[in-house]
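Pasting the structures in now, so scroll down.
Presented sequentially are two complexes of chain A, the first with chain B as partner and the second with chain C.
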Partner chain A sequence: MDALSLAVNTGFQALVLGMIYAALALGYNMVYRASKAINLAEPELVVFAAYIAFIAFSWYGLPVPVSFLASLAAGFLIGVVLERLLARPLRGRPVVALMAATLGAYYVLRGVSMVASRGFEMGSLGIPEVYQAVGPLRVSLSDVVAAGLSSATILAVIMLHRFTRLGVAMRAVSEDPFGATAYGLPVRRLTMLSWGIAGAVSAAAALALAVKAQVGPTLDFYALKALAASLLAGLDSIAGVVVGGLALGFIEQFGSLLLDPYMPGLGSQLAFIAMLIVLLVKPYGIFGTERIERV
Partner chain B sequence: MAQAKYLGLIVAVILVAAAAALLLTHHPAQPAQTTTTSMQHVKTIHVPVGVLVDLSGPTSGVGRDYAKGVEAGLKYFNEKGVYTRDGVRVVFDYWVRDYAYNPTRAETFYKEFRDKYGVWAIIGWGTADTEQLADSAARDHIAYFSASYSAKLVVKPYNFFPAPDYSTQACAAMKWIASRTRNARLVLLYDHNVAYSRSPIPAIKAYAPRLGIKIVGDVHLPLRATEADAEKAMREAMTKNPDYYWCGNTIRSCALAVKAAAKLGAKGMFVINVWGFDERFPKLAGRGAYGRAAGVSPFRYPEMAEDTPGYKVLTAAMKAAGYTRKDIGSMLRFEQGFLNVWLLVQAIERLNSTTLLKGKGEAIKEALESSCHGKPFTFGGLAPPARYCPGRHLPYTSVWIILLGKDGKLHAEGPINVTGFDCVKATLQSSGG
Partner chain C sequence: MPAGVFKEKYEELMGLLRYPIHWAALAAGTALLLALPLLIGPYYTSLAVTLAVFTVGAIGLNMLTGLAGQISLAQGALMGVGAYATVFIAAALHTNIIAAILPAAILTALVSTLLGLPSFRLKGYYLAMASIAAQMILEYIFSVIDPDQYTPVPVDMKTLGPISLAQTTTQYYIILGCAAIAALAAANIGRSAIGRAMKAVRDNDVAAEIIGIDVARVKALAFALAGFFAGLAGGLYALTVTGIDWTAFTLDTSIEYLAMVLVGGPGRIVWGSLLGAMLIRTGWSMLEASLSDTLTMMGLGILASASKYIVLGALVAAFLVLEPEGLIGILRRVKEYLRLWPYSY
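Coming up: the complex of A and B.
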């Protein structure tokens, strides 16, 4: 295999994985923008959403698109419930309280997903094996589905925020909730909707991830990596999060390609090392808004 | 006031989370009852057992069904009744803990089992944690039955498993390869950072060249691989132009590697370690894997052993635990968990009540080792008869190769017996063990 083919194929896989990370990171981003806290329940929400699709597809024989829709609906619902039960009562309290509460929700969701899946271990979402060579590039249907799902998710979030009245209202609430209230915006409802959409976005990302890594309880690991991408880029910037996700994909794939033969496993940890360095130099991330607080 | 309300809410959420976690990991067996003190009037002996499993960590893909098998075994034998040689009823009190494949957490739970519940036996899981706890188990006289079949455990006095060690299994796989292809070229694919995956590698490297197999590559494949990682590893492996690939990870990772091979048009056959291949493999790896993958198994696959008495016991245990076939992803993993319990039960059945009460874990160990020159332990045809000798707990040395045929069905070949080469020794020597 020549170097060009290796680089092209690794680059393509890095791109697909990067888009999945970006979509996962958007789940954190949307919650952060709405409530200024990191949703630590997201990794388990990802596992739960993937299991919902798997159960719908594999046990109830629903078609893949319907299973995916069920998963998105479940993600949305969980987001709304988390907002109603945790974020709303803790509004105005220290951010760390909400983060602790989402950590609690992580364990609750883990329990629920274990019970819901009847302790079932893992499975495949049943994407047919179809391969196609495009020049030096080998593309499978699962690549196309994963890339399509994650890029559609990213695009949908960007378009929602840029081009819809709802998105503008959500941005207004995120930037200045008191001002938004003064203008008559339903701040509570919009915050709840933000959490719900964040849940659906995480579910969509979970499906893309499950296509590439199969359904299983360890999917939460990738969602944690996506948190690194969010922190690297800056949690409150949508564009930054997308760049961060892509950067994570490329750093990880090319890092392990170059380093695994000499130091196995180090390449996949490079993203965390990069995140640490960035946070030391720029605590709000590369694209994050620096908050100036009066003391 | 408001602050107290919110604090209360947070505490409530954390409590709910803790309760959920407890519900999942703590199975309310009877409290740690001690046995009746007066030995003349013993009616029932309560044997405390710790169960250490991975339900949420990187090996949970095979760990959950194993855990179900262990629990089903304990429930089944508790219901059916286990009796010592002199007819005293034995009941297992057991505690299940999910350690998520984290050796540090395993050690914490081990201490809990030992100090809080005073367990006599542990049904455990992974390689790193079992190896780490082996010396403690010996010191504390706790009989330890693991799902790890690491060669390093063969020489540990309190460690047992009803299978040949990974190294012996891998050697049998090498023998199978040599019988199919002369001077075969082999690439090793496994996670270089995981004790389970690394375990048989020294034995493969020592034994394969003796059979004319040339090891041409040693490639890192992460246990938590994505398709991208598997594809990358396969691209590197393919540059060595092998006839065979040894996949030493668990099933998810190995299935992705075989899938990647099909996508890249790689030639060659995959031979996969015991935890990397089971009945789910054809579905997980897809049609591209048909005719190009085989798994090593010391056990008869349940679907291939339906005519055996062992299978009837296994399905009875499944029913006793309230499971249907639909609740079990892999019956093989369920069987592996169940067999560990069955081995413990058979050891207890060889003891009389006084010896068991007096010796506890040590008595169980001695009962197991009594098979060395005596009657072996049998598993109703699910696994070969097992004998354990003091200093060398290698119950037998044969394995089956389960071939995924071009028809998408599984076919058993063998059993293959490794003779004339000590694969355990090869591994121990390489690690200074």
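Coming up: the complex of A and C.
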């Protein structure tokens, strides 16, 4: 491969991966907007959702769209359950408590997916391996599906927040829960819905990941790395995740290209280094609102 | 003549040993701990050694989580830093491991401060985020410096003067001594000005700032202390094993540490950590040893390994929601009930 086609192909991979990271980051941000905490259960939620699709597809022989829908439904349900069991009783307690509780859920979900997948059987979803050359670029069907799925998910959430009454209500709740209560908005139900949508978004990202990579227990690593995209975008921004995710995708892909010959595996750690740098330089992210504290 | 025990001085009120029963418990406890290896045999002694090691690490995290109100997911990796640093320092200076533990722990404290540096000025969960990044970066560094997942700890390093520390029993006494000193130090930090400053930051950082506490400095100090104790635990861990495997210091270890603190009793630095480590580490390995064979024979091997995650995770979540004071809170209620029995109050 010559330099041009290498650059073009790496750029395309960065784009695809960046959109997946953006969708994963959106899962964190939706929860953050609703409960002001980071949902550390998301990495295993991603693994679980990917396995739901895998089990439905290859063990029960359901068609691909149906198994994808099952996975989305499972993600939504887990989000709702997490809200009901953890976020609601822990309201008013320090956010750190909710984060630690979601960490407990992370462990539970891992155990459950381990049992459900008969000890983390590896596999792939039924997307055929088809390649198409566009100039120097080599595009595979799975790349297109993964990028399309995650972009569509992000677009749907942005549209929901911008153009529907429900989205306005959710924005109001995230901005000022007490004010929203005073205006008669069903704050509890909307918070629950936010968690549910966050779960479904994570599931969609999990499907994109499963199409792009493989269904396996290591998918949680991608979701952990997506925390960097979330921080970069700002934890309470919605559309900003696209910038954060793409930035992370490009940093990781081109970083791996440049650094891996010297230090194998360093490229995949760049996300965490980026996270520390963002915390140092711009902790509220590019699009996040800076918190101004009043005493 | 006063009816009962009355304290007249502040020192008496704040003492660790206030009542005759405390002295009696200390005497009985010391005697029991010293005689323990003779009573319970080598297998349980090695479990007790592991328990002591992990209690030290949990004490460190408990200061950070219970006193300063921050959660860290890097305790496992920091323990790894301590373990590797101990072995490398001992090998470089041709000393025994015991001499290398203290410098290694100080080094670990420095590393943890450096990695937490971005987040000390920020609120709430930002330290947790930084610690996740720190954990992953450290894991990567371990995998680079120890690609075989085995860094041997030579037996000739496990000496203290003429005494060999290769035996579990001698290890037990050394580690028990170190753990006791660490616990005493932690208890004293908890009730000193630093500990009170940490509690103030935990309860309301804005108010703490107003009464003149440097919040960033206190958070940094808490994180450094957690790192120091993690390093100490790592050094002691290096003493107990024949080779260091970095897969013992992954994110899972960090989560387990957090589980020990949250289940045991956040804020009750010594006893909470001890109870948590007892339940999560020792209790679990005893249960696993007795159950996993049976489950594997029944063809449920997956369940045996998955149940660990499910039970641990559910325990953490349940304690946070239902009993934030942890096991120690339950024990205190039981004690109160027995004290007042047969009356209800």
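Just so it is clear, the second predicted complex is superposed on the first by the 293 of 295 C-alpha atoms of A that agree within 3 Å, B and C clash if a C-alpha of one lies under 4 Å from a C-alpha of the other, contacts with A are read in each partner's own complex, and residues count from 1 in each chain.
Here, contacts are C-beta pairs under 8 Å (C-beta built on N, C-alpha and C of every residue); 3 or more make two chains touch, one makes a residue touch a chain.
Computed from a prediction, not measured in an experiment: that's the story for all the values here.
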item: Overlay on chain A: chain C relative to chain B, clash or fit; value: clash
item: Partner chain in contact with A:Val134 - chain B first, chain C second, else both or neither; value: neither
item: Which of chain B and chain C A:Asn9 touches, first, second, both or neither; value: first
item: Which superposed partner A:Met114 touches (first chain B, second chain C, both, neither); value: both
item: First, second, both or neither for A:Ala37, with chain B first and chain C second; value: second
item: Which superposed partner A:Ala182 touches (first chain B, second chain C, both, neither); value: neither
item: Chain B versus chain C as contact partner of A:Ser124, first or second or both or neither; value: first
item: Partner chain in contact with A:Leu280 - chain B first, chain C second, else both or neither; value: second
item: Contacts of A:Ala100 with chain B and chain C, given as first, second, both or neither; value: both
item: Where chain A meets both chain C and chain B, residue numbers; value: 85-86, 89-90, 93, 97, 100-101, 103-108, 110-112, 114-115, 118-119, 265
item: List of chain A residues in touch with chain B within their complex; value: 1, 6, 9-10, 13-14, 16-17, 59, 85-86, 89-90, 93, 97, 100-101, 103-108, 110-112, 114-115, 118-124, 129, 131, 138, 140, 142-143, 209, 212-214, 216-218, 221-222, 253, 256-257, 260-261, 264-265, 268
item: Chain C contact footprint on chain A (complex, rising order); value: 37-38, 85-86, 89-90, 93-97, 99-101, 103-112, 114-115, 118-119, 224, 227-228, 231, 263, 265-266, 269, 272-273, 275-277, 279-280, 283, 291, 293, 295
item: Chain B - residues contacting chain A, complex; value: 3, 5-6, 9-10, 13-14, 16-18, 20-21, 23-24, 55-58, 60-65, 67-68, 191-193, 219-220, 222, 224-229, 231-233, 235-236, 238-239, 251-252, 255-256, 259, 262-264, 280, 283-284, 286-288, 326-327, 329-330
item: In the complex with chain A, residue positions of chain C that touch it; value: 65, 69-71, 73, 115, 117-119, 122-126, 128-130, 132-134, 136-137, 140, 143-144, 206-207, 210, 255, 258-259, 262, 301-303, 305-318, 320-321, 324
